[in-house]
Each structure stands twice: as C-alpha cells, then as structure tokens.
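Have a look at this one.
Labels run A, B, C and D following the written order; every chain starts at residue 1.
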Amino acid sequence: MARTAVVAGVGPGLGESIARKFASEGCNVGLFARSDEYLGELAGELHAETAGDAAAVPTDITDESQVESAFERVRETFGPVDVLVNHAGGGGWSGLRESSAEEFEDAWRSCAYGAFLCSKRAVSDMVDGDGGTVIFTGATSAVRGRGGAAGFSSAKFAVRGLAESMARELGPKGVHVAHAVIDGQILTPDAREQADGRSEDTFLDPDAIAESYWHLVEQDRTAWTLELDLRPAVEEF
Amino acid sequence: MARTAVVAGVGPGLGESIARKFASEGCNVGLFARSDEYLGELAGELHAETAGDAAAVPTDITDESQVESAFERVRETFGPVDVLVNHAGGGGWSGLRESSAEEFEDAWRSCAYGAFLCSKRAVSDMVDGDGGTVIFTGATSAVRGRGGAAGFSSAKFAVRGLAESMARELGPKGVHVAHAVIDGQILTPDAREQADGRSEDTFLDPDAIAESYWHLVEQDRTAWTLELDLRPAVEEF
Amino acid sequence: MARTAVVAGVGPGLGESIARKFASEGCNVGLFARSDEYLGELAGELHAETAGDAAAVPTDITDESQVESAFERVRETFGPVDVLVNHAGGGGWSGLRESSAEEFEDAWRSCAYGAFLCSKRAVSDMVDGDGGTVIFTGATSAVRGRGGAAGFSSAKFAVRGLAESMARELGPKGVHVAHAVIDGQILTPDAREQADGRSEDTFLDPDAIAESYWHLVEQDRTAWTLELDLRPAVEEF
Amino acid sequence: MARTAVVAGVGPGLGESIARKFASEGCNVGLFARSDEYLGELAGELHAETAGDAAAVPTDITDESQVESAFERVRETFGPVDVLVNHAGGGGWSGLRESSAEEFEDAWRSCAYGAFLCSKRAVSDMVDGDGGTVIFTGATSAVRGRGGAAGFSSAKFAVRGLAESMARELGPKGVHVAHAVIDGQILTPDAREQADGRSEDTFLDPDAIAESYWHLVEQDRTAWTLELDLRPAVEEF
C-alpha cells in the first residue's frame, strides 16, 4: 500500500524536491504551505508525473487548529501519515541588539513551534500504526550559534532539541526521528538567478538532498540515523 | 567602583547562591523574580551581610515592558549593568505526545524568550560602557535532548543557541557570554528535604556552582570561556 | 567502468556485509585482513555471486610496507582505488589503571595508524583521478569517551580527528570523507550465537549498515555527509 | 600540607605560567621536560619567589621507564602527587598527503601516549590518597579536525578521548579530570617577538589561562568541570 507523507513547508527549492522524490517513490504527499496557488500547481504536476499522488493543503503551520484540520484532510484523502518532513521556518537573521522581540518570537514560532504542532499530529498515526519517519531540516546554525542571527540560531537549536527528545521518546515506539544539518546554500530557483557567476557546485542541489532524506525513510529499523550533515564538496567548514 | 549585577530568576537554591556570592564580592545586585516577599527578605539579608548591596525587583521576565522597567529601576538604583545571569526558566517535562502546545510554548517563553528580553536590555549598557558578562544557566538537556522532556529540551537548546550567537556577536564588543551546563540535581532546600537518605554529595552544591560563575566574571578578556559543564564527582554521565 | 573498492579490516560481520554490498553494486573489491583462508573463501563467493569481483589481499594494515604492497596488488588487479573503507581496529577495553602501555598503543595502532596508512595510499589515486570516497567505521566511543575503555576511546577519537581533518583537506579535491558512528552491537555470527534470548532487533544488522555506507558512496558531490550515526530503533542513548 | 603538582611539558609560555601559578598557591611542583638547563633555572626562580617549591625533573615523557623514574623522584622530594597537568605535545601540522608515518606517530606519541604514561603514574597516588586533579591542555583541533593538520588533529582528539574516558572512570574515585580547549595562539615569548604589530589582545595570556587551571583544581567535588574552552574576546570562532 502506498505510504502517506506530509511535507510541511513546501516551496520552490528543497521542499518541492522532497515532495517530488517521495511521490516518485510512490508516496502520496500532503503539501503544507501558506501559498494556495503554488501548492495547487505542484500537486497537479506530481499527480501527473509521478508514481504517487499529492494534495495541496494550504495551512499556517503555526496555528494549531489549522494544523489539526490539515492532518485531518490528509488522512481522509490518503490515510494515516507514515512520513513527516518538518521543513518550514526561517527568519531571525539579525543580531541581539537589532532583533525585536517579535522577530525573535516569529523565528521560533515558524521553526520550532510549527514543527511541534505537526509532529504531535503525525506521530499519533505512526505510533498507533506500523511506525514511521519524522525528518527535520536543520542548518549549521542548529549546531553552532551564528553571530548576527540570534533569532534564527536560537530557533534552529530549539528544533534540534525537539528532534533529539523525540528520537529518544519515540524510537522504541517505531518512529524514526532524524535531523539533517544543511551546511551551505541550497540551489533554489532564486539562488540560481542571483548566483551571478558563482559556480553551481558551491550550492547544495535540492534533489541531491532529497535523495538522502529518502534514504533516511528507507533505513532498516536496526540501523537508524538521528543526525547527518550535508554540504557541497567545496564548502569550507 | 562597585559593579552592578542582575540575577534574573532568583529563588532559594542556585539563584540565591549566585546573588550572595556576587554581593559578597562587592557587587550591587538586582534580584528579578515574580515573588515579592521572598525577594525583599533576600535583599535585606544581602544588604546587611555582604560587601555589596541588593534590590528586590519583582518582575515577570517574559513581559517586555516589565523587563524594561526592571532594568530602569536597577540603573537608577545602582548604575549601568555590568553582569547579567539568565537563570530563570523551567517546565516542559513531558513527552511530545503528552505535551500541550501551551506547555511547549511556556517552557520556551520562560527559558529562552525571557533570557532574550533581559539580555537585550543588559547588553546595551555593557557595549556602551566597559564591557561586561552574561551567563546563562543551562542543563544537560541543552546539549542532549531528553526523551520525555520535549518542551524543556527544546527550550534549553534554544537558550544555548542564543548564548552562542551572542558570544560571537558581542565578544569583540567586550561582552563575555558564557553558558554553564548544569549536569545533575542542585541541592536546593526542597531537594535537601526530599533527599530521603540520598547522599548529599550526589547533588550539586549551589554555592560551589556560584564560585564557577564568579570565576567566569573574573576571567581575563584574553581567555574567556564560552561553555563549561558542572557535575558532582559521583554523577554518571 | 567498474569502481575499485578496498575494505580494510574484513571479517564475518560488518566488513563482509560491506564487501558484499559493494560487489553486488558492481565494485571490484580488495579485501584486507590478516586471515588468509577466510579472505580467500569470501573472495570466491563474491566472485561467483555478485556483479563485481573480489581479491583476497592478506595484509597487516599496521605495517607500512605491507599496506603499500597491498594497494599495489589491488591496482594491478582492478585499477586505481575509488573507494576505501577503514573498518579495522579494536582493543583497549580496560580502564586507565588496568591498561598497559602496550595495550594502549595497540588500540591506536590498529584503529588510527592503520587507517592513516591505508588512507594515504588510497587518496593519491582519488586525487589524481576522478575523486572517490573514504569511509571510517566509528563507534559511540569516538564521540563520548567511555569509562573503562581508555585505549579504545582514545583510539576511536583519534580516528574521528583524522577523518575530520581529511574531510577538510580533501573535499575540495573531490574526495568524500565520511565517519559512521555505530552505536550498539552488530549482529555478527558470534553475536547471534551468544545472543542467548536477547532479541535480534536490539542489534544492528550489518547488511543494513552496509546500505548506508553505499548511500554515502552514491551521494552527489553537492550534498556530502561527513558524519552520521547508526543505531537500532530500540537502543537507549 | 602543601599539595604536590606535576606539570608535564614545561616550557616558556603556558607550562611555565601554570607552574608559577600553582607554586604561588603553595604547591610543590615537579617540572617535566627534556631541557635540563631551562628547567633548573625555572625551579630556582619558583623556589626563590613563590610560596611553594619546585624540582626540575628532565624527562622524556614518551619513555615509560623515564616517566616512572620521574614520578618516583617527585614522590621522594615532595610526597604523593595531587595534581597533574598533561601539557606536552605537538607536531603533525601537515595534511594527510604530506605527512609521513613517522610524523603522524610522533604527534600521537608526544600528545596522547605521553599523557597516558603520566596519568597512569599520577592517578594511582590520587586514588590511594585523597583524590586529586588531572588537567589536559587541549586545542580547537581536539574538537574540530583541522584540514592540513592530520597528525595534530588525530593526536589531540586522542587526548580528549582519553580525558573523557578517565573522567568517567575516575570521578567516583575522587579524581577530577578536566580538558581545556585552548582556542587561539598563546602569547609565549616567541609569539610576542614575532607578533609584528599584531595586537597583544588577539593572543591568550598564559597567566590568564593558568588562573582557569587553578580554578579547576579548586572546584568543589560537587561541581566539577570536565571541559571548558578558552579564547580571546576578539577571536572569531
């Protein structure tokens, strides 16, 4: 039977690559993001071009009741959730002195609070069923706080702490929790346009990242990975 | 001239030990916590017994305008702030499945958001003046997410990410930022009462921790510590 | 053209699973270990059963001239080396007070020094050619020193330090260096026999680990992993 | 009664600062290094200028029998050892491809093997007596392998693995093991001469580091630190 996957935070770039990879492996994918139109187009493409199916589910993942409805909608359409990718979040790219309280809070809300709300809904399906996989998109700032990005660093650390706690709680219940540390800039359409002569091999190819996400989903339950890092060969680190 | 210190999150236990140590070294200490009466008594004791002075400043550190007023009050009483200890915070000791969204948010708010609000106010004094020190009280769950403590782990990671980001932003501005990883249970009056035969040397003595906090304050600016761990000799880790 | 792989430290268990997986993906595999007879049998099996080929190369990897000859032999048989797995090493499972200097040194020699000697020979082929992959088998004791295993912990840390240094030196030269942290006991034939009622899902299946090693080999050069951990779902950590 | 300390690896710079600080706190200090003359002069100075005393013990710390004799000499002169600082070691500052096997081995031998030999001798006194302290001088390359320093990185990781293992083995026996991560260049006499206009506050002052080493010695056994980092305020990291 086809697996049901949710990608929370889909946009052109990594979110889309993950959705496409998972659908091409036969998953039915619930696409969560705020933007209605883009999601609809992507769902149509995945439906037409891949072995799986997709449903556009416009959602503000920082709103608990919207998250609840979104998961309800996915369940009705495709059945219980087997895989969740917490990929949303951003903001908070200023130093302590320049950050407002709102900016600091918003970064946490979109990164960590949204991932908490989505995980809570997805994991109940997995624990009640045959297990599943939850993958978090992390960043270098999740393992090494960056000067000048107080809100983002704090929020990304918060995500990693949540992921580790969930891994220890839920592994024995059959839920594989993983945290991917993306170290570098992803080659989104925007990045490609603004690259301005910078060589493409200095960016992470989002399709290549999606391959590793799928590998995490496919890992045998006797050899699960909690954390891996991903970076271009040429990245200094 | 006497240094001005703020301890945000003072209660019987480590907060009180830090305040007492700093006052005994001659600091004038602003005591932040919600509880009016306890703070007043402690301020009286420190005034009477130590080389420094103390002011009780009842404050909800998760409320931005209260934090602003509290720092104003400290400045008027003792002058610009030289040292801040972000010691408040707790909660979130349940697994993902048992945590409510409110509980998850409250843990973050008391640990990370409050520390952000206090740091922002304190640091402006330090950067404009002769520098200073900001110490964060961390926990093992700040470096290793604990199963069954989703909210607490995520919140304590968030604090550590903030501390690291601030250290990189503010070090060159003369502000020493440090994060202490407390690994074990502190011998508070409550812990002592409930110890129930458990040997006292399995707890961290709060006065001993305060010695290391003071050492951080006194470090020369050519050899600053960002992170240290503290645990009893007998603790398994 | 078929890739050439070397597995340094082949024995029943993970080494054999890696060799078999790589050969089944079409690699020609050089098998390094001290034991002549076992290697010959395994090489025969891989030759007969897989898409690739294999050569038994009895070698003491802690002896520089033997290592040099072994790589010469592999190059003559299969061509320049594309993939190296540094899998050998062990020993040093006693505390500081019980360890002899010899035991401490032997653990380092078989884990770190052997990996250095093999890496040096393999990497020259990779840098001169189209790049390649070097994978190190690590352990939990490579990231968290274990009480009562002074020699092993120190040796496994030494391996990880070498891997990280090599990753930074050689990534831009097209060589992907990775370090796998194996957290738990591998289900070798010996472990299976001695399991004594212990459930098999508490062990790591070596074939499952080999899948992740192969994923590392196949990663796109814009999204390389330096480190991943691997453990059974049920492992406490 | 005066404590007996051993500083293994004394030279102008940090080793000397540690010896002087410890002697000025009343310790009797055994000075280990290869260079006869320098040690004798330093011992004379410490004897004349500090509250404690000092003995020059010319020793090759990578030679087991010399280490044994050196500790025997210290015991006869000052009594059982209470504090050991493993401060020796270096070398290995080239990339994998440029490193010879000898260079790789020498770095390990002077950093890790020597520390093992010294620790083994010192710790027996501590466990049999009233406990004690063992401090290891680490480097950034002990926690983050540096490209182009394969031998040094591997050796410094090996030291850290040994320190962590010893901390877990020996903490409950009353021995405090600590690892200091020195992040930056120390202002030795040589560094001062070659500074060439570089501001002194970009170096670590060795006397300032020695203050933190002494703090580690003085920590209460309910609040011991295993690891701390030390760097100049202005250091980027």
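Going forward, contacts are C-beta pairs under 8 Å (C-beta built on N, C-alpha and C of every residue); 3 or more make two chains touch, one makes a residue touch a chain.
What you are looking at is a predicted structure, and each value in this text was computed from that prediction instead of being measured.
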For chain B and chain C, the contact-path distance works out to 2
Of all chains present, which has the mean Cα position farthest from that of chain C?
-> B
Chain centre separation in whole Å, for chain D relative to chain A (CA means) = 45
With chain centres defined as C-alpha means, what is the inter-centre distance between chain A and chain C in Å?
-> 32
Please set out, as single numbers or ranges, the residues of chain A touching at least two other chains.
-> 168
Chain contact graph: line, ring, star, complete or other?
-> ring
Name the touching chain pairs, would you?
-> A-B, A-C, B-D, C-D
What does chain A use to touch chain C in their complex?
-> 131, 168, 171-172, 174, 176, 187, 200-201, 203-205, 207-209, 211-212, 215, 218-237
Which of the residues in chain B come into contact with chain A in the complex?
-> 64, 95-97, 99, 101, 104-105, 108, 112-113, 116-117, 119-120, 123-124, 127, 141-142, 144-150, 153-170
